[in-house]
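First chain written, first letter: the chains are A, B, C, D, E and F, and each begins at residue 1.
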Amino acid sequence: MNLQFHSLAELFAMGGHGVYVWAVYGVAALVMGALVVRPLRRHARALAAVRSARQRGR
Amino acid sequence: MLPSSPPLLAFCALSFERNDRLLFERVEGAVHGGDILQVVGANGAGKTTLLRILATLLTPTQGELRWCGGLLPRARASYLAELAFLGHVPGLKPGLSPRENLRWLAGLFAQRDAIEEALAAVGLAKWFDTPCAQLSAGMQRRVALARLALTRARLWILDEPLTAIDRAGVAVVEQLFRSHLQSGGAIIFSSHQAVDLPGVKYLALTES
Amino acid sequence: MAERRWQWFHRLASPPGFYRVSGRWLPWLAGTSLALLAVGVVWGLLYAPPDARQGNSYRIIFLHVPASFLALAGYYVMAAAGAIHLIWRVKLADVVMSAAAPLGAALTFLALFSGSLWGKPTWGTYWVWDARITSMLVLLFLYLGVVTLRQAYASRETAGRACAVLALVGTVNIPIIYKSVDWWYSLHQPATIRLTAAPSMHPDMFQPLVVMILAFYLFYAWVLVLNVRAEILVRERRAGWVRDLAGEGESE
Amino acid sequence: MRSPNPEPEALPSLATGFAALLRRDLLLAWRRRGEAANPLWFFAMITALVPLAVGPEPALLARLAPGMVWILALLGTMLAADSLFREDYVDGALEQLVLSPQPLWVLVLARVTAHWLVTGVPITLASPLLAGWLALPAGGVPMLVAGLALGTLTFCLFAAVGGALTVALGAGNVLRPLLVLPLYVPVLIFGTAAVARALEGGDGSAPLALLGAITAVTLAIAPVAAAAALRVGIDG
Amino acid sequence: MRSPNPEPEALPSLATGFAALLRRDLLLAWRRRGEAANPLWFFAMITALVPLAVGPEPALLARLAPGMVWILALLGTMLAADSLFREDYVDGALEQLVLSPQPLWVLVLARVTAHWLVTGVPITLASPLLAGWLALPAGGVPMLVAGLALGTLTFCLFAAVGGALTVALGAGNVLRPLLVLPLYVPVLIFGTAAVARALEGGDGSAPLALLGAITAVTLAIAPVAAAAALRVGIDG
Amino acid sequence: MLPSSPPLLAFCALSFERNDRLLFERVEGAVHGGDILQVVGANGAGKTTLLRILATLLTPTQGELRWCGGLLPRARASYLAELAFLGHVPGLKPGLSPRENLRWLAGLFAQRDAIEEALAAVGLAKWFDTPCAQLSAGMQRRVALARLALTRARLWILDEPLTAIDRAGVAVVEQLFRSHLQSGGAIIFSSHQAVDLPGVKYLALTES
């Protein structure tokens, strides 16, 4: 098992198919990142809301 | 009636929450045959909501309903067979005449076969065959009330039955109520007006 | 013995119970899925040999196939959760369902997107009306239907039950829809292009694919749990245990 | 005094409930027959637009004909299904249906039957004419008609589920088609396949049988699902 | 005491009325954005049904593509136009529009603009994608988009006239398409002709110019006609 | 006010026929600034029809309307600039909040820019931003009535403004009426209830 690309340029080009491959991996990274971040932020916001409600309650 | 017989409809510890807002809490009451219960309260107090819960159109957040002693979700079939409910909008098809409207309702509910007398009793003798869309607001409400004269249901649940009804009409409704109570039926209704009947009990909803 | 098993079940099925238990799973799920993803991506992009016919474009497979798998599996998760909610009235099931729908839609989108971009270098077009592709598209519509239906209702309880009915109707229909699309493919004259099946995949390509598939399963579980936990907090924000939880965070 | 349990003879029977509702709906459709015939007109007019849009070559049109007729039948029944429960919801009749002592699925079935009689049946009967318009060879017509008879019924049943799910959501709801269109896919596939096979000189009865099976399954499931959805949906 | 004539400064200007209504409609659309995106979604789903119904061969689909996209854009805008005045009629807002001191046609124009922004524009923007789906060669796309931009606006204007005519006819959602469909014919012909010409390597700008002329005339006539129809229709 | 100044709205010899049925005949009346006119009559007498004629939503079969002395179809523009009409259904979009509803209406009509005060005055201070669909029947009517506190119109035409309003609400409406009349406005309304205001004139419709 060895490295298939010998330069960054080669890696980006991927023998002419770079656009497709990198677009797919890029969009996948964005979508999957959003999938993780969204519930985390929602969780944090919910906790913050409960907290501020508690403070107002006092 | 023996005092030991269970009430027709009994509800206890009802509370209802919608969108995280507690509308009412621990509301309770009961009606026996011959009882009439008026739900009163300010606009938005939850009268409509309570009546819809009693009619099993909404599920209470907490609390239970009993029909003739049987817990309600289970006794629903026999309950519905004896319930007449009239909501804010009365369920008439605007394209059908009063007679046709009462006829299709008769197919779904146990009703006496006296549609014309019932319509005449609410003052619509001339309007048997006019499409409801061409009747005035009050006349449409009267058609809906005519159903009550036909139904064999023992419990009536009526949300603001007097809306849009003129003075003479109110007297007609009171007469309807009276004869239903005398024949052992029960009525739960909401209204901002007082009705002229003996023995009305009140259930007041206040904001919690 | 049986009783203890049921206790365990009830604890897990109650929102606060699930919230507490799942908190312990999180680091593991996050760690393993991210690690496997990293390994799989580096392996697939840098080390796996190029395909004899497709060259480097085939590297899309390492995202495309796992995304497709999870998109399909996700629907069953969602439909099962909906059915459980409707039949046994388990609240947690509704939470799972509400979390699974957008997640599944996102993965279906990824599968379609990656397949579509893959199609350009291999088939010369972004899209053909192939049976599998079409059924994937229908799946996307099914997901989006559930997502939108839930958003459309103001009341959460109503939305939950309505979506459950839809999912249940879907459950009955999904196999029919898939089968029919397959039949459609064979009923009409065969299309000029076929999905290249992968019976004789080289192990050097196959191994990173397996890693990625595993990574995606773990990722799915992780994100699902994250969503469920967030949704539980939002729904139970007025419950005592949530207020206590918020208080703990405060004192830190 | 009356007994606490309802006297059975006082309650209308299942068939009475079904008949009363069916009769009501047919009467309403008759009252606005200008409108009620409309899925049919709609169907006819869009068919007329097709040659304008794709060009008038008979060979091309003939290839398209079964597919187009099926898609338009689908749209015609679906568009008209808009008012399937929506109107009843707005004027309060739906409350009465839900509170009727009759099983709700029977009433749903009555509504669907009426809707099918008013939309699906006329479309099916008109389809040979419209297919001829699109230059469909006569050999495909029997399969087209048989398929549409079953297919439009299935469309109506699914539309009822969609309509029940969206009944309390604002008027002019466009969500409903989106929920049900994926469910229409198998019907469309088998329906067009039956015609295509017949045109190729083959035997279209296999896809037609599958279509029949789908209709049967839907007939069993949809009314119950729609009834459940109505009970849920009646509370906004 | 106030003077018998209204103080001019107290009355909102024409633009204010237009803006207020436009804003209201966009807000409503935003509130149900799940739904608002739906003409688009509907459009996409029916597009997906076409290959299922007529078969997946790219050559055939490419022939159909412009015509299908146009017919579907027509259906998409028309379907959503259902609620154009109907909702306002049912909830009494239409009375207020008719009784507003603003000229009614300005308010109609605001409603149509909102409707076009919410349906026509997204459909136009999505059309290259959908055309690609149906294997339309790239050469036809510019003409398709330009034509749809004009065409969907015209469709919305026609739909307003139809909607106004039937507003008081009871849930006449299927009657309106019939009234306006004949009006759609020239738009459809020129719109598809422009794409077809471009695909043949010719110049599609002549049919496009005609389409533009139709849009201009409609823009001048339709709001006034719809306003007149509304005044009549408001009295059941 | 000089007695010689023309009434705000005057109508004379109005008759209306629908479907070959004469609903009313030779109805007449007039309101000056400060006048309040209650249209009364049994259900179906034609109150709604009359009010819609006065608001130019319907055209009378015979008779004429004058606004500040000008014959109506011609003086329509200046009439509409000073008219506030509230029908059976109040014209609120269910998807919008009370605040948003009043705001779009403000764009069409001359209104004061005090939406929040107006809503607070009818007891909806807590409900500025709840979609109207989630308000109770009476609360929705109150939103519609809040418009009256904002409008600069001199003539109010109101069809059953008290429907679904509770006791406290009726007092609020009466207060609204009072201040409108004091500032020189006029009111024509229909109701089956009597309102507690001095100088109410009545126009009784009886079946012809």
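The rule we apply is simple: a residue touches a chain if its C-beta (ideal position, glycine included) is under 8 Å from a C-beta of that chain, and two chains touch if they have at least 3 such contacts.
Since this is a predicted model, take the numbers as computed values, not measurements.
Without subunit C, the rest of the assembly breaks into the touching groups A | B, D, E, F. Separation of subunit A from subunit B in touch steps, taking the shortest path, is 2. Two chain pairs, A-C and C-D, are weighed by contacting C-beta pairs, with A-C ahead. Over half of the residue numbers at the interface between copies subunit D and subunit E are found on both sides, making the touching surfaces mostly the same. Put simply, the chain farthest from subunit B by mean CA position is A. Comparing the centres of all chains, each the average of its CA atoms, the largest separation from subunit C belongs to F. Separation between the centroids of subunit D and subunit F, computed from CA atoms only, is 45 Å. With centres set at the average Cα position, the gap from subunit D to subunit E is 27 Å.
Per-chain CA centroids place subunit A at a distance of 39 Å from subunit E. Counting partners per residue, subunit C has 138, 141, 144, 148, 152, 154-155, 181, 184, 188 as the residues that reach two or more other chains.
Shared interface positions of subunit D, defined as residues touching 2 or more other chains, are 32, 87, 90, 169-170, 175, 178, 181-182, 185, 189, 196, 235-236. Subunit F makes touch with subunit B in their complex at residues 19, 41-48, 88, 123, 134-139, 141-142, 160, 163-169, 192. Partner subunit E is touched in their complex by these residues of subunit C: 125-130, 134, 137-138, 141, 144, 147-148, 151-152, 181, 184, 188-189, 191-192. Of all residues in subunit B, those touching subunit D in their complex are 1, 33, 52, 55-58, 68, 77-78, 80-83, 85, 87-96, 100, 103-110, 131, 152, 154, 184.
Residues 154-155, 238 of subunit C are the ones touching subunit B in the complex. By the touch criterion stated above, subunit D contacts subunit C in their complex at residues 161, 165-166, 168-169, 175, 178-179, 181-183, 185-186, 189-190, 193, 196-197, 207, 210, 214, 217, 221-222, 225, 228-229, 232-233, 235-236.
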